[in-house]
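Chain nomenclature is as follows: A, B and C, assigned in order of appearance, with residue numbering initiated at 1 for each chain independently.
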Amino acid sequence: MMHLNDDRLFPSDPTERGIARALYAGIRDLPLVSPHGHTEPRWYAENANFPDPARLLIVPDHYIFRMLFSQGVRLEDLGVPTVDGAPVETDGRTIWRLFAKNYYLFRGTPTRMWLDHTFATLFGLDELLTEANADRFYDHIAALLETDGFRPRALFERFNLEVISTTDGALDDLKWHRMIRDSGWNGRVVPAYRPDAVVDPDFEGFLGNLDKLADISGADTGTWSGYLDAHRQRRAYFKSYGATSSDHGHPSAATANLSSQEAGPLFDKVRTGKADAAERALFRAQMLTEMARMSIDDGLVLQIHPGSFRNHSPAMLRRFGRDKGFDIPQRTDYVGALKPLLDAVGTEPGLSIVLFTLDESTYARELAPLAGVYPSLKLGPPWWFHDSPEGMMRFREMATETAGFYNSVGFNDDTRAFPSIPARHDVARRVDCAFLARLVAEHRLNADEAHEVAKDLAYNLVKSAYRL
Amino acid sequence: MMHLNDDRLFPSDPTERGIARALYAGIRDLPLVSPHGHTEPRWYAENANFPDPARLLIVPDHYIFRMLFSQGVRLEDLGVPTVDGAPVETDGRTIWRLFAKNYYLFRGTPTRMWLDHTFATLFGLDELLTEANADRFYDHIAALLETDGFRPRALFERFNLEVISTTDGALDDLKWHRMIRDSGWNGRVVPAYRPDAVVDPDFEGFLGNLDKLADISGADTGTWSGYLDAHRQRRAYFKSYGATSSDHGHPSAATANLSSQEAGPLFDKVRTGKADAAERALFRAQMLTEMARMSIDDGLVLQIHPGSFRNHSPAMLRRFGRDKGFDIPQRTDYVGALKPLLDAVGTEPGLSIVLFTLDESTYARELAPLAGVYPSLKLGPPWWFHDSPEGMMRFREMATETAGFYNSVGFNDDTRAFPSIPARHDVARRVDCAFLARLVAEHRLNADEAHEVAKDLAYNLVKSAYRL
Amino acid sequence: MMHLNDDRLFPSDPTERGIARALYAGIRDLPLVSPHGHTEPRWYAENANFPDPARLLIVPDHYIFRMLFSQGVRLEDLGVPTVDGAPVETDGRTIWRLFAKNYYLFRGTPTRMWLDHTFATLFGLDELLTEANADRFYDHIAALLETDGFRPRALFERFNLEVISTTDGALDDLKWHRMIRDSGWNGRVVPAYRPDAVVDPDFEGFLGNLDKLADISGADTGTWSGYLDAHRQRRAYFKSYGATSSDHGHPSAATANLSSQEAGPLFDKVRTGKADAAERALFRAQMLTEMARMSIDDGLVLQIHPGSFRNHSPAMLRRFGRDKGFDIPQRTDYVGALKPLLDAVGTEPGLSIVLFTLDESTYARELAPLAGVYPSLKLGPPWWFHDSPEGMMRFREMATETAGFYNSVGFNDDTRAFPSIPARHDVARRVDCAFLARLVAEHRLNADEAHEVAKDLAYNLVKSAYRL
């Protein structure tokens, strides 16, 4: 290959590069384990062809349209749908050309690496996308997308995915997962329990969601104990479809440790819709601890993804809706915030909590020290804006000395962009090999140990941490 | 040259170094664009010779005297003037010797790099300054400073400065800029609108300053609308002298989005001098938003320089006045602080805001995500204590993956130290080439793309971002 | 040697490695100066043999048992004593085997480097510890520990320790230090004045401690002036045993600058045990300033070690007591927190304060700018979780450009783990040489200067900063 170099992301120093190559050779063909992602279960259920290149690769990718928007490109011209249905560009080729013309904006970003990798390895286009070759790329990709080899299940298999988890609301009936199971296809696609809509009083439609939760679970969500029962039943239902984790995207990592004498009345007030902001926040905090307690019972791994200021621009939210690139990280505390939960259950055998952050200043200061002592805590990989070569390297450099490798959980791709999954895992594997190569070259780790660690980071840790 | 090595700041790895050299060769002779600095317009207007070496290079340089003070050297012995006129050292040679004897203290600092560069390239002294050669340096530099070739305009031309911006108070009559314009000299020196003294109720003499603002603008600064008009007129006046930007050095990045029904009465209270601390802070915050609104109309680029705790030592302030090395960075929030302004005008076409920070923990967490989506936001270069090789490298490593290169605005020198300007730009160009060389060596960017980016970072981006 | 490579921690790039080797050769045999540690003076006084390998190297080392606990190993199985005397493992060999089996968990951590160094250089075991060779390691080390050459004083001499400071409570009678002095042994072991138990109203037994302070000092600790006198007398007593420093482990860096009219009544209230949380915090804050004032008089260097959330898990505190790996760093402010103290005495000649942090985000933002201007402030080395290769490199990279090398104070080992002291100093010396080698290779520092700086960082700075 010409454009996608086999040595990409390896250190330039020949000694380190040689070690990195050898480490990578030992792991490049390991299956992909994807325990936390946002692909649509419907894709695997229906196994329909994907739409045109722009609709597959550009329109739904917030990394892409946020960068273009930041440089003055209108989201309408990228085909991003409006809330009120105001017309936007619908011609895939037009969108693709606009993107190709601006592809230089992604220099130095992970999006560039993911796309170059996808173009080269998935579509056989091993060259740099430019305005000049945009149409050729478009036609070539469009033609492939119409073939059977590029349907979701075929890609799943081609990607060497051992298992993938989707993320599913607590009220989801998991019909697509049922359809996958009933289809006889042996690809392993499991759900994850994401109850934000029924644990966060600030979620749109929260009170109605509680009613739906009663309907779907058969439990009485008018009482605290019934509400907790509803969660238990939903979790059991998700488990019956293979779920091994729950996932929680709270604004902060705040947890609470209320007695049931306190929690019950708090729930009652929240249930009326009359709780104030502090009470609503306290309820969310308490629910993390409740979920941890349920995890001890049912074994679901608890994932905490805090620290995003969602929908920072109300004008953009009104026009384009959620998840349109306007979620911005903010400073996040863990030491104080997690203490109530940890006081309650932090040393319980069998509890497994995976912590994520958007605030890198907490890696060395808070997260590694916490995960390096509490048996219930593990560190998730660099998340979102930090899911990138420099971000991954900083994570290893800042977390490893205190938490070691074995309190981290390997990689997860956290993506809606299905075709990019191999690229993302490849970046993580290469960066981990680069980090390990430096340790070996500096005689801080033996080469045979590094080979073991590389395999653990690429495959073993994620399987054990997520109980997959 | 012997002491100042041509490969300075390039990575030691031969592959990376070779790439960095090639990149640098393509940009080393590009003109310098200096859109934000603190040199005196009077220098270019009068074009008088600079004073002795100590008064030019040591006495006014807070990087230098703060370091010497931290190691027990008295500011009086460095000739730093006292507020009450108490006598200080006045002999340039004595000050110079004291400095030379302590030059080792600057090992590993950017000051050392800037001075070595200045000594070698400007004065032909390509060796390490020591106590032993202090007098020789002094005599050699002193002799050159008396020649015509070392007057401000000659240096401006020798430095290959295409344009330089000074920073000028809102009440400044810009007489030196007029004198420059009327002189027929074709060096481009433009002002920047710095209204701290008339937007910050905590600024010394604020109320009197508002009266002066009325006098100089002809607007009635006794009313909110008149006060805003006064700003508009002063901005227009600055524009007529070539200004393309305003600059704001608030303690925090706080902004507000008050209605005129709220802002008017707030101004009235501030105007009486009876506003409390919260109201004064709110007024400052509101004024950033007002300045942004005016920017949409008149096209001046808005620069926000927040986060410095000014005059940390009251004793030193009393004895030596402001800007004496006792301004200390502090933790700075942007995500919440900028939201009111961004809600008001953040997606307006034509608005351009350049954000600076003294809190590096915000690069990856807040600033790159914000600039990577809001079309009005761009990232200024590493500022002040971070205007250094390691600081610049951290900026590129932490900001590029989310904001890309094209949401940064290239380099500005931000200095009062005129002779150091080429050195500062040279450091920035070399560090950017070193960063790009690593990306190329690790096959994350093509070499031809890196050449383009190097030119954009050194020259094109700053011109377009500052509309110069 | 085979396992412990002579080039460990040096950069892989051959040019940088060559420079690092040369720099290290010039400092590797310099005596160790250990101005801040937690070894027991009793060891040097009695000079008894150390116990078995597990009790020496595993059971008391919180770095080790916290990591094992985080991976599900019970502290009881590691022999960590319980508060209530509930039985724990007492067989050294059993503990050792459990440790050896899990030694892979320490890959990439400083503990691994320290232990490998100790095994190889102290015990002649130059290979990787594994489950397979655990018994052989145990037997070999156990046999050596029974010999005279492995008694504390012999090790002190073998380690080339020039001086070591212990840390001693204000109420300590220093009998072990007296015994050392009276023994005629010429090893230099000095105490440090650690008054937390009598300055922190939240310390267990605080009020009783004040009574004991009265007894031991003869001063009346029922009054503010008498209480301060008691400190002065204790400090003088410590000085008579060679102390050159005091040490303060407050939760934050908060200081206060109360008048004696304010401080006296505050003390009276604290003395009754009725002060509220804010008053108790204010008292602690005021005492840092009082200690600084006493430092000006008696010359003791003031060390501030803030920012640890102690005993994060109350359950673990109840079962195992303090210092069991559950102290977690938290965000720490310095710019505001230190201002009252600095306003009072920050520019006093002769005052020397060494600042430590557990919050690396303050290195470049707050600590280097503060130490780079206040003559009383110096930066302590990376502390605790940051006493590691990556942590040390980040410190030099983030602090040097603003504070220079000469506002840092060299290395201190800060350890209870006596056998690890040479390993810890060795890591610091190697990392500093690696950092300097890069500066030389990038032509940012001359080689002869780097040799000087390497010696200053390894030996001269710590002696002068701690007045040893």
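Structural remarks
Convention: contacts are C-beta pairs under 8 Å (C-beta built on N, C-alpha and C of every residue); 3 or more make two chains touch, one makes a residue touch a chain.
Computed from a predicted structure; not experimentally measured.
Chain A and chain B carry the same sequence, and matching their CA atoms takes a turn of 120 degrees, rounded to a multiple of 5.
Different-residue interface: chain B and chain C share under half of the residue numbers found at their contact. Our note on geometry: chain B versus chain C, Cα centroid distance of 40 Å, whole angstroms. Contact of a single residue of chain A with at least two other chains is seen at positions 11, 13, 361.
Interface residues of chain C facing chain A in the complex, by the touch rule stated above, are 3, 5, 7-13, 66-67, 69-72, 104-110, 112-113, 128, 309, 312-316, 325-326, 328-331, 358-361, 385-386, 388-391, 394.
Only residues 11, 13, 15-16, 333, 335-336, 339, 342-343, 346-347, 349, 361, 364-366, 368-375, 377, 397-398, 400-407, 438-439, 441-446, 449, 452-453 of chain B touch chain A when the two sit together in their complex.
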